[in-house]
Structure formats: structure tokens, C-alpha cells
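Pasting the structures here.
In the two assemblies presented below, subunit A is common to both, partnered first by subunit B and then by subunit C.
Entry: the complex of A and B
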């Protein structure tokens, strides 16, 4: 049984009349890398600020390490934040920035020196100790910000879209480094992002948030392969979402879709006969072929080359558009007539509840 | 080539327009004639005279005293006000923000008269103290406006970061905010100091007997004729101002160079 380090208990936060977070409950375990993922304005940063104490809850309780910290100030909570724009102190050198928090804690100077030295080594900032933030590159600034947070030995490190401002290559290497640092120190990380690729590659668990509410909490694999709502399926990765009708629910789920197609799939969730549901199919699970006449007839209307793969837009004869991802692009041309099938193990049936 | 010459001529004219009066004043401070019309021959008599003119020296020290005290106090009050206006929200904040500009735009004479009537109402005896009070009053808005311009959204994030690392409000102000607003405080203070140094109108209304400032002293000489020892004194003041300005410039360019390297 893993230890719960942070517990949000039915937390709500309103700014004026605007309810940003509603009845939000979340447990964060010790040592995990948890990502809060959602579109901009969904309230994920607010959740982070409620944990750090920079924002106070309107309703509910916040616990850190089983202690109720709901009324405790940010200065006294044992969590630290790495801010979106890093917020390095411009008039202080790298060392002064990193040691700031320890000085506030009145740690003896020789211990501060020791810890600063080892942290600077950890984040590879040797030789830059006396530079000012504006004399550093983006990646170096990033590392100063991380060092400034982890030197405090916080129970939890909160990262607010901290990698967003970096270019792709730097971002990738920072992702790896972050993950390494997290593993090495065993600190719990809560990472906020709207970038699903970051969330999928770094997290132990992902919390998908929409409109101030949790949509799904699960491992990256399950979030991607077994989304529990149309929103999650659509937000994480790409998805074809089609309507289907339940014909039979005895051993396996027998469904009809596109009027004339019938498929049987295995699922744990139970559906009623006659219910209209949604099917989620990832583009890479659409099998496209020119010969297999058993498939559904369609015409390729667009080809998008994406480097490692190619995306085909296929228009079926009922005017429904289906996206397919293939590796070998040379086989197909625009306006080709093709047959498509869905690999049956990767079809996710969803209840229709999130329809607007 | 021709364009370039015209260019230089223009610069020359502008600078002559700006500096000719000052240069003439400096020249006449070495003039042996007591009339400011003809240059007879070189002398340092007026400088010697200067140190024997009790009234003039008194007026000069009064001016320096008023300017220094009012600058220090208005810089402190102005900085705190600017920080408060940036940090806290309260009803009618916009009105307050707007009212700050009133002392800047209002004619000096109106401010002078209104201060005089307040002093009379409060039965305050006019003295150096009342002049200092008046100068603090018109200097504060300049400091506020100058300091406020450096307090942006980014600073509130820095405050949060410091808070997150366990800093209390005093340390946040002392270690994070102050280093950032410091240059604006200096420029606000410089402005306040200069305004106080050459103020005639407001000082005229708020000065009591025996609390003459240099601008008032010179102004009162208009009736009897301005003596060249005033020229000598102003020459010394110009020298002082130039020294201050040059050292500030050298200090800042040194800092900028340090920041770049």
C-alpha cells in the first residue's frame, strides 16, 4: 500500500462568481510522477496553486502528509513550485537564487554551501554559479529553477507547465532529465501541462481535467487505450469517434455501426440492448488495404506526411470521415479506392453521456 | 557631405540655444565689472565675496537642507505608496491612481496658495519646516509615477516564488522588490531634488521670515540688481550638478557593461 502524500478532499475554488474547481478529490502517492492534464482554462493550474497554498480553497480540505494544511500559508507548506515563466530572481546570481530558500529556513551557511554544490552538480550548472539569470540560456534557466525547488527537499515538487517555453529538442532532453532527477531523489512530482505528449511520456499517472472536474485518473497506457469518455479519447491523441448501436450483450458486445456493419467486441463495461453508444478507434488501429474486399469501401481524400508516419483521410460512402495512420506511405495515392477495417481489440466502446 | 554639414550646424544651434546662457553666466562670474553687461577683465573677487555674503550662504544652505530632507522623505513615502497601489486592491483605487497626477498638473501658484491657506488654518508658523512640507507634497507624485512604472505583473510572480520558498513580506520587499525598483527610486528622487532645488513659486508662499531659499533670494534681488556673486554661486552649483550627473552616468554605464559581460 503506497502512502498518500497529498489529499484533496472535495475541494472547490471560486474566483468571484466563477467556479473554477468543483468538488475536486484527488490522492497523490509518495514518490510518483503525477500529471494534471487538460485544455487551457480547465483549472489545472489552480489545483496546483491550491496545493502550494498560493491560493486558498473556497470549500473542502487540503492535506499534506496527513496534516490538514487548508489554513496554512504557502511560506510554511513543505511543497515547492517551479513556475511557468520560472520566476528566477533577476538581481541574484545562480547561487543566490538556488540558496534563497535555505537562507529563509535559516540553515547554517556551511550546510547551505554543501547542498548548493551538490545540487549544482546534479543539474549540471557547474561554472555558471555567479551568472545572473539574463546571462543564461533557456535550458540553463530551467535548471536553475528546478535546482531552486529541489534543494528545499520538498515533500512534493509542483511544476507548472515548466517546459512549455523550451524548443522541442531541449524540451525532450529536459523531460528525460526531470524524470531522472525525480527517480534519483524520490520526490513526488506534480506536473501541470496541456501537452499530451509530455504527459504520456513522463507520468506514472495522469489526471485528465476538464471544466474543473476530473475526467479520468489512470496510467498513461490506460488513458490512451481505454479512455473512459469521449472527451478524454478526443483530447489525448487522435481518435475516430463513431456512433454504434448495441445488438446483443450476452457473451461479448455485439454492435452495429454504419447501418450495415456488425462487430463483436469484448468489454468489461455493461451496456443495454438497443443503447446508442460511441466507439473510439485510434487512427493507427485502422487497417487500410486495397485488396481486402471484406472491408468498408472508402476513398482517400487527403494524405498528410508526418515524418515517422503518414495520416490518411478516408471518406466512406456514407460521407463519414475516418483517419488512418500508416507507416508505409508509398502504397497509397489521393483518390485511391481503399477498404478499411478496425482491429477489433482496440475498439473502445463508450457510453454516450458526455454528448452536449 | 553637404547634408552632414547641415546636420552638424543644426546640432550646434540646438546646443548653443541650450547652453549659451549658462556659459555666459559662468563667464560673467569671472568679470571684474559689477554690471552684467560688459566684460572688463578676469577676477576671482566674486568667489571671495561669496564666502563673506552671510545671507547668500544662508539661503544656499537652506536650499540644500530643504531639497535633501524633502527628497528623502518624499522618496520613502512615494515608494511605499507606489508599492501599496500596485499590491492591494481597494474601492476607488482607480480614482486614487488618477488623483496622483493632480499635484503634477496643477499650476504651482494654485498649490502654493492652497498650502498657505492650510497652514494658516492649522495655525502653523511659516518656517523652513513649512517649505519642506510643501516640497514633500509636490515631490511625492513624481516618485510614485516613476516607481510604479517598474512594478509589473512579472514582479507579482517573483513575489509568489519567494513566498513559496518561505520568505516573509519584509524579506520579499527587501530582497526581491527593492533591487528591482531601486533605479526608479533614484530617478524619482533626482527629479524631486531638482524640482525642490529651483522652486520659487511654492517656496514663495510657504516661506517664513528667516527661511529664505536661494531661488527666493535671487528672485528678491531683481529689485536691487543681481550682483555677480550670485553668478559665482550658480557657477559652483552647475559644477556640482555636472559632477553628480557625470558620476551617475559613469556608474550606470559601468553597471550595464557588467551586466552584458
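Entry: the complex of A and C
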């Protein structure tokens, strides 16, 4: 059993009349890399600020290491934040920035020196000690911000969309480095992002947030392969979402879709006969073929080349659009008539709870 | 080519204005400062350094020191008022901030001479402040609030405060909130946040404001005339008197030149500390 480091207990936060976070409960385990993922404005940054203490809760309790910190100010909480804009102090050098927190804690100078040296080595900032933030590149600034946080030995490091400002390549390498640092120090990281690829590649667990509420908490694999709502399916990765009707629910789920198609799938969740549900099918699980006449007939209306793969937009007879992802681009051309099938094991049935 | 002529047409009035009304008079003052005056206030065209040597007389040195002290105290009081004001303004809404900054500017629409006269009503022995305090029984004898150095300083602070408030406010308001949050996050208490984060970032604003307050404070003779009761002379009075009463134009010119040189060095120091000339000409 892993130790719970942070517990949010039915936390709510309102700004004026605007309820940003509603009845939010979350346990964060020691040493994990947890990502809060959601569209902008969903309240994920607010959750982070409630943990750091920069924002106070309207209702509910916040526990850090089993201690109720609901009324304790950010100054005294043993968590540190890497801000979205990094918030490096512009008039301080790299070393001054990194040592700021320790100085505030009145740590003896020789110990500060020792810790600063080892942190600078850890985040690979050697030789830049006396530069000012504006003399550093984006990636270097990022590292200073991370160093300034982790030197405090926080119980949890909170990262607020910290990699968003970097270009793609730097972002990728920072992701790897961040993960390495986290493994090495064993510090719990809570990372906020709206970028699902970041969330999938770095996290131990992902918390998908929508409208101030948790949609799903699970491992990246499960979030991607077994989304529990249409929102999660749609927000993370690409998904074809189609309507289906339950015909039978005895051994396996027998469904009809597109009026004339019938499929049987295995699922743990139970559905009632006659219920209308949604099916989620990832584009890479759509099998496209020119010969296999058993499939559903459709016409390719668009081909998007994406480097490592190609996305086909296929219009079916019933005017429904289906996206398919294939590796071999050369086989298909626009306006080709094709037959599609869905690989049975990757169809996720979802209860239709977002309909009116 | 055409473009250049076009530009010149627009700039020309300003160039002519600057030459005729600023540069030539200044050169004339510089020229005058090396001449001799006769006892009737006339000017004798004989070259001399005597006017500059006269400045070094004890009476004038004392006046310079006193003037500078009044200007320094004025500047410090302005700083002490501006920071709390700016820090409180930070916590208010954008709308409120805009209105407050506009309100600071409003007194500028009235002539500063008239505004200074207004202070007499407040400060004199039978003025608003004294009568109020007497009626309330806080004091039993009216306070001397004017016709002394205190009166001058009150007048100076009042007149020059906006020049400090505006740059200090704009630099304090420009600090990104996340920096202050980062400070809190790293365990800094409010005073430490002010000292380590806010102060270093707003120092240029304070330099800028100090220059804008200190330099006029040396020269604003009318405030010293009205609220100092003519008893206390600052350099501004001295220059004015040399031109209007003593009619010793060459000596007045020499002091003016001296003051310009001092100002020049102050600006030099300001630039040395990273100040921008644009910020000084902002209003």
C-alpha cells in the first residue's frame, strides 16, 4: 500500500459566484508522477494552487502528509511550484534564484553553497551560475526554475504547464529530463497540462478534469484504451464516436450500429437491452482495405500525411465520417472506394451520459 | 530624398523652437555668466571668472547645502508616500488603478502657484489645521506650519509628489504577480518579498522619480516665497533675486549655469544606474 502524500477532501473553490472546483476529492501517492489534464479553463491550475496554498479553499480540506494544511499559508507549506511563466526573479543571478528559498529558511551559507552546487550539477547548469535569467535560453530558464523548486526538498513539486513555452524538440528532451530527475529524487510531481501527449508520456497516473470535476483517474494506458466517458475519449487522442444500440447483454454485448451492422464485444460494464450507447474507436483500430468486401463501404475524402502515419478521412454511405490511421500511405488515394472494419477488441462501449 | 524633406518639414518647427527658445537663451546665460555687472544693474562687457568664484562664498555654499537638504527630504518623503500607495494600488482592480492614476494627474490641471496659495488657508496660524486641532484640544497653541522650512517641505512634497507617484506606481504595478507568488511559495514573508523582489525591480522607477522631484525642488522659488515667507532662501530664490531684485544678471547666470551642471551630473548618475532618458520625458 502506497503512502498518501496529498489528500484533497471534497474541496470546492469559488471565485465570486463562479464555482471553479466542485466537490473535488483526490489522493496523491508518495513518489508518483501525477498529471492533471484538462482543457483550458477546467480548473486544473486552481487545483494546483489550492495544494500550494496560493489559493484558499472555499469548502473542504487539504492534507499534506496527513496534516491538515487547509488554513496554512503557502509560505509554510512544504510544497513548491514551478510557475507557468517560470517566474524567475529577473534581478537575481542563477545562483541567487536557486538559493532564494534556502536563504528565506535561514539555512547556513555553507550548506546553501553545497546544496546549490549539487543541484546545479543535477540540472546541468554548470558555468551559468552568475548569469541573469534574461541571458539564458528557454530550456536553461526552465532548468533554473526546476532547480529553484527541488532544492527546497519539497514533499511535492507542482508544475503548472511548465513546458508549454518550449519548442517541440526542447519540450521532448525536458520531458525526459524531468522524468529522470523525478525518478532520481523520488519527489512526488503533480504536473498540470492541457497537452495530452505530455500527460501520456510522463505520468504514472492521469487525472482528467472537466468543468471543475474529475472525469477519470487512471494510468495513461487505461485512460487511452478504456476511457470511461465520451469526454475523456474525445479529449485524449483521436476517437471515432458512433451511436449503437444494445441488442443482447447475456454473455457478450451484442450491438447494432449504422442501422445494419451487428457486433459482439466483451465488456465488464453492464448495459440494458435497448439502451442507446456510444462506441469509441481509435483511428488506428480502424482496418481499411480495398479487397475485404465484408467491411462497410466508404469513400476516402481526405488524406492527411503526418510523418510517421497517415490519417484517412472516410465517408461512409450513411454520410458518417470515420477517421482511420494507417502506416502505409501509398496504398490509398483520394476518392478510392474502401471497406472498413473495426477491430473488435478495441471498441469501447460507453454509457450515453452526456446526451440531454 | 523626398522622404527626408518630408521629415524635415515636420521636425523643423521643433528645431526652430528649441534653438530660439532653449538653446540661444541658454547660450546667452552662459555668455552673461562671464561678464561683470555695474552697480546700477547694467552689464559691462569685460570677461571675468569672478561670478563663479562668488558662488564659493560661505553664504551661498550654506544656501546650496540647505537647498539640497530640503530637496533630499522632499524626495525621501515622496518615496515614503509613494511605495505604500503603489503597494495598496497593486491589490486593487485594474479599473480602480486606472482611476487612481488619473486622479493623481488632476491637480496638474490647476496652476501650481494657485494651489500653493491654497495651502496658506490650511497651514497658517488661524488656518484650517490649527483651528481644528485647537478646537479638538489636541494642542493649546497654534503650530507654526508655514513661513519656515516645514512649510516649504509641505509645499514641495505636495507639488512634486505626482512625479514620484507615477513612476513608482508604474514600476510596482508592472511586477508580475507570479514573482510575488513564487516568493511566497519559496517561504518569503511579506517584508522579505518587498526587500528582495519588489524593491530591486522598482529601483529604476524610484531613481527616475527622485530625479524628477529633486531637481525642481532645488529651484521652485515660488513655494519657498509663499510658504517659506521669504525667510528661507533656496537656490531658486537666489537666482530669481539676482535677476529681479539685485539686478546682478551675470551672477544670477553663473548660479544658473552651476545648477545646470549639477543637474547634468545627476542625470549622468541616473543613466549610469540604467535609467532611461525616455522615462524622464514621459510627462
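The criterion applied here is as follows: the second predicted complex is superposed on the first by the 355 of 356 C-alpha atoms of A that agree within 3 Å, B and C clash if a C-alpha of one lies under 4 Å from a C-alpha of the other, contacts with A are read in each partner's own complex, and residues count from 1 in each chain.
To be clear about the criterion, a contact is a pair of C-beta atoms (placed from the backbone, for glycine too) under 8 Å apart; a residue touches a chain by one contact, two chains touch by 3 or more.
Since the structure is predicted, the reported quantities are computational estimates derived from the model, not experimental observations.
After alignment on the shared subunit A, the placement of subunit B and subunit C results in a clash. Of the two partner chains placed by superposition, only subunit B is touched by A:132; subunit C is not.
With both structures placed on the common chain, the touch criterion links A:186 to neither subunit B nor subunit C. Once the two complexes are overlaid on the shared chain, A:108 sits clear of subunit B and of subunit C alike.
By the touch criterion defined above, A:307 lies against neither subunit B nor subunit C after alignment on the C-alpha atoms of chain A. After overlaying the two complexes on the shared chain, residue contacts for A:83 are found with subunit B and with subunit C alike. Residues 52, 54, 74-76, 80-81, 83, 85, 87, 89-92, 100-101, 104-105, 148, 152 of subunit A touch subunit B in one complex and subunit C in the other.
Across the complex, subunit A meets subunit C through its residues 52, 54, 73-76, 80-81, 83-85, 87, 89-92, 100-101, 104-105, 148, 152. Against subunit B, the residues of subunit A that register as touching in their complex are 52, 54, 74-76, 80-81, 83, 85, 87-92, 100-101, 104-105, 132, 134-135, 148, 152. Residues 176, 178-179, 181-189, 192, 196-197, 200-201 of subunit C touch subunit A in their complex.
Of all the residues in subunit B, the ones that touch subunit A in their complex are 154, 157-158, 160-168, 171, 175-176, 179-180, 259.
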